[in-house]
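Chain nomenclature is as follows: A, B, C, D, E and F, assigned in order of appearance, with residue numbering initiated at 1 for each chain independently.
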Amino acid sequence: MTHMVYLTRRERFNAAHKLWVAEWDEPTNLRTFGGCANPNWHGHNYELFITVRGTPDPVTGFCMDLKILSDLVEEHVINQVDHRNLNLDVPFMKGRQTTAENIVIAFWEQLEGPVSDHGCTLHALKLYETENNIVEYFGGS
Amino acid sequence: MTHMVYLTRRERFNAAHKLWVAEWDEPTNLRTFGGCANPNWHGHNYELFITVRGTPDPVTGFCMDLKILSDLVEEHVINQVDHRNLNLDVPFMKGRQTTAENIVIAFWEQLEGPVSDHGCTLHALKLYETENNIVEYFGGS
Amino acid sequence: MTHMVYLTRRERFNAAHKLWVAEWDEPTNLRTFGGCANPNWHGHNYELFITVRGTPDPVTGFCMDLKILSDLVEEHVINQVDHRNLNLDVPFMKGRQTTAENIVIAFWEQLEGPVSDHGCTLHALKLYETENNIVEYFGGS
Amino acid sequence: MTHMVYLTRRERFNAAHKLWVAEWDEPTNLRTFGGCANPNWHGHNYELFITVRGTPDPVTGFCMDLKILSDLVEEHVINQVDHRNLNLDVPFMKGRQTTAENIVIAFWEQLEGPVSDHGCTLHALKLYETENNIVEYFGGS
Amino acid sequence: MTHMVYLTRRERFNAAHKLWVAEWDEPTNLRTFGGCANPNWHGHNYELFITVRGTPDPVTGFCMDLKILSDLVEEHVINQVDHRNLNLDVPFMKGRQTTAENIVIAFWEQLEGPVSDHGCTLHALKLYETENNIVEYFGGS
Amino acid sequence: MTHMVYLTRRERFNAAHKLWVAEWDEPTNLRTFGGCANPNWHGHNYELFITVRGTPDPVTGFCMDLKILSDLVEEHVINQVDHRNLNLDVPFMKGRQTTAENIVIAFWEQLEGPVSDHGCTLHALKLYETENNIVEYFGGS
């Protein structure tokens, strides 16, 4: 019998951003995005749940050492976005609106390969922008 | 590649209810439902997580504006149940036991159409009756 | 040296209530209390933090056995209010508006004596009516 | 139309454990498991979410009485592990590394039958070892 | 007997800021404030607990209507800071470092008068910058 | 005017312990401490809130750099207790019952001096043993 287990690590980062379409004028941006289009930025304490799946090693009992998963996420995501401006400071967000939807898609691209290199499969990314606003992504198809 | 993203909004409401089968006598109700059958009602701070799925708009980066989703849920659900008695005051609960199971099924009927009208698909409703008692529903089949 | 330690136990209860002044007509009640005056009641998951103070016993290291504190609170408060209607079912709330302010004052009267009988002093009661609305009481003076 | 509802109960337990491979020497264990291999044990407040699925009874509105589910979990899991040492005191963990991955697999074996006996299907077990480290299991295949 | 009750309302806001001393060069700012000195800003989901004290009205049972308290805080604080840049967009923060310490002192100045005008006394402001970093202020002396 | 601000840092540690009076026989220990006297230990995810008080520096706006406070707590407390057995592995707990009451008193002795050396005063230690059991200590007198 195969025991597929889903392992989740929580990480956090604090960042500034704004929602803004460069091709639109300011009134259109404000009408569409409300306060999220404030030209001087606003920010969030983002909370990210990274889920990988795999089968536990018969000796260690680990799908993946959570310390390794945490280090991967720190290297490929957190170090790029923590205490940064998501619109200005993050190369992999360039040319993308910094909605929570687009952030998890971009994070997926950063993490899918490194997770596979350690014998598990990236299963889901769940991002809390606030306690009320949450997105989840399971990869493209 | 299609990027299906799952977007969740949290909403809350405070309501009174009781569990009671009209065809049963009081001892049978109390034996079956315990304190939940208290004739003078009890109540909860319900916490509702509404998940819709869709693909982000290439310009705005939104699957659905969360402000619109919040307004839909407020109009079709929260305004009907907040600070109400679920057994007496809510037309769409009439004739139904007000268990958490039946509440999410009824909420689904209220929300499935309005969410579709805005270009997303209702994916899941998760309802916390207490921090220990939770139901989730993904639609009928 | 005296080591005063403050010991807190969390308990929870689910109850129905409404805010209503019997001497007022319905429009005045609704104008004053809004949805909280819904004639058919509403309800809450109340969360109560009971804090007692005392010095740890040199042998057991306990100010007070938390099991004993929990039992006292269950007997004198939780069993009276859980799955009840605070306006109709609770003798010690009779004649009192069931605001969070009045609830903690009434609970204090129930708990002050029993806590003293077990060698500690009741220090504070903190009651969450919702995650946003909280009252705290340290006794009268 | 069939209404499959997913019902979740949260339970908690406090236990000691360590991660240790008997065939390895101490330096290898410490290098592999870090502080989790401390010979004198460490411990956790484990938080367990048990999810069952089923269709609500047309009369009671219950998939399964949550009181019954809670009792089953207490009898078959919590009473075996709460205030215990997972490596030494729990018969069904003997011969298994006490990683979170292996704990949920073992709990599944304990709970699958009893849940079926009450007309629902065990759907998922989610275990929080800490607020940052979480595993989820949906049964073997 | 006087019954002093402490009433708390939770409010939230999302804002951008940075820590930066204009008289210092960039290396000194970065050495002192670390990532908080990122020139392009970062941000937070701030959580604010506003506590007022007073005695419950003998008729309504209210120290202060929490709806009024919430409106006061929205008018005098939240509307000024939500979805804003605390360094650039908030008149009452001009000339002040936007540390959590200085933010609660500034908020106190905004709220002390309006709370007094409604018959209660501002007692405490508690601000969560993150789940790990919290400040509390009880007014100057 | 003096602006006293209270600054709190949250830290966490996972440890094993048991409650046991060496001079008592096993039945007396079990009768007094229940499951907490399990000879093979149990454990907790302890959550510690360290509060210091001071006035913000006019230039930096800091009472105390929270990074420094976090480092102090890590050096003097967390590194001694995390992933340890509180009864066996922690020199400053030797000869003391490992109740939450005694733990915060012992932590106070470890932290009072180092906090003073950095220009603030240790104000309070709050320790969550579980979500329901909490102690707070403000120093001896």
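Just so it is clear, contacts are C-beta pairs under 8 Å (C-beta built on N, C-alpha and C of every residue); 3 or more make two chains touch, one makes a residue touch a chain.
Bear in mind the structure is a predicted one, so any value in this text is a computation, not a measurement.
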How big is the rotation, 0 to 180°, that puts the C-alpha atoms of chain B on those of chain D, in steps of 5? 120
Could you tell me which chain lies farthest from chain A when each chain's centre is the average position of its Cα atoms? C
Same-residue or different-residue interface between chain D and chain F, half as cut-off: same
Starting from the Cα centroid of chain F, hunt down the chain whose centroid lies farthest away. B
Chain pair equivalent in interface to E-F, over half of contacts matched, among B-C, C-F or D-F: C-F
Nearest whole angstrom, what separates the Cα centre of chain A from the Cα centre of chain E? 29
Please report how many Å separate the Cα centroid of chain D from that of chain E, as a whole number. 42
For chain D, residue numbers touching 2 or more other chains are 34, 131
How are the chains arranged in terms of who touches whom: line, ring, star, complete or other? other
Pairwise, the chains that touch are A-B, A-D, A-E, B-C, B-D, C-E, C-F, D-F, E-F
Residue set of chain F touching chain C in the complex reads 19, 21, 32-34, 96-102, 104-105, 131-138, 140-141
Touching residues (chain side chain D, partner chain B) in the complex: 1-11, 49, 51, 56, 59-63, 66-67
Contacting residues of chain D [partner chain F, same complex]: 12, 14-17, 34-36, 38, 40-45, 82-85, 88-89, 130-131
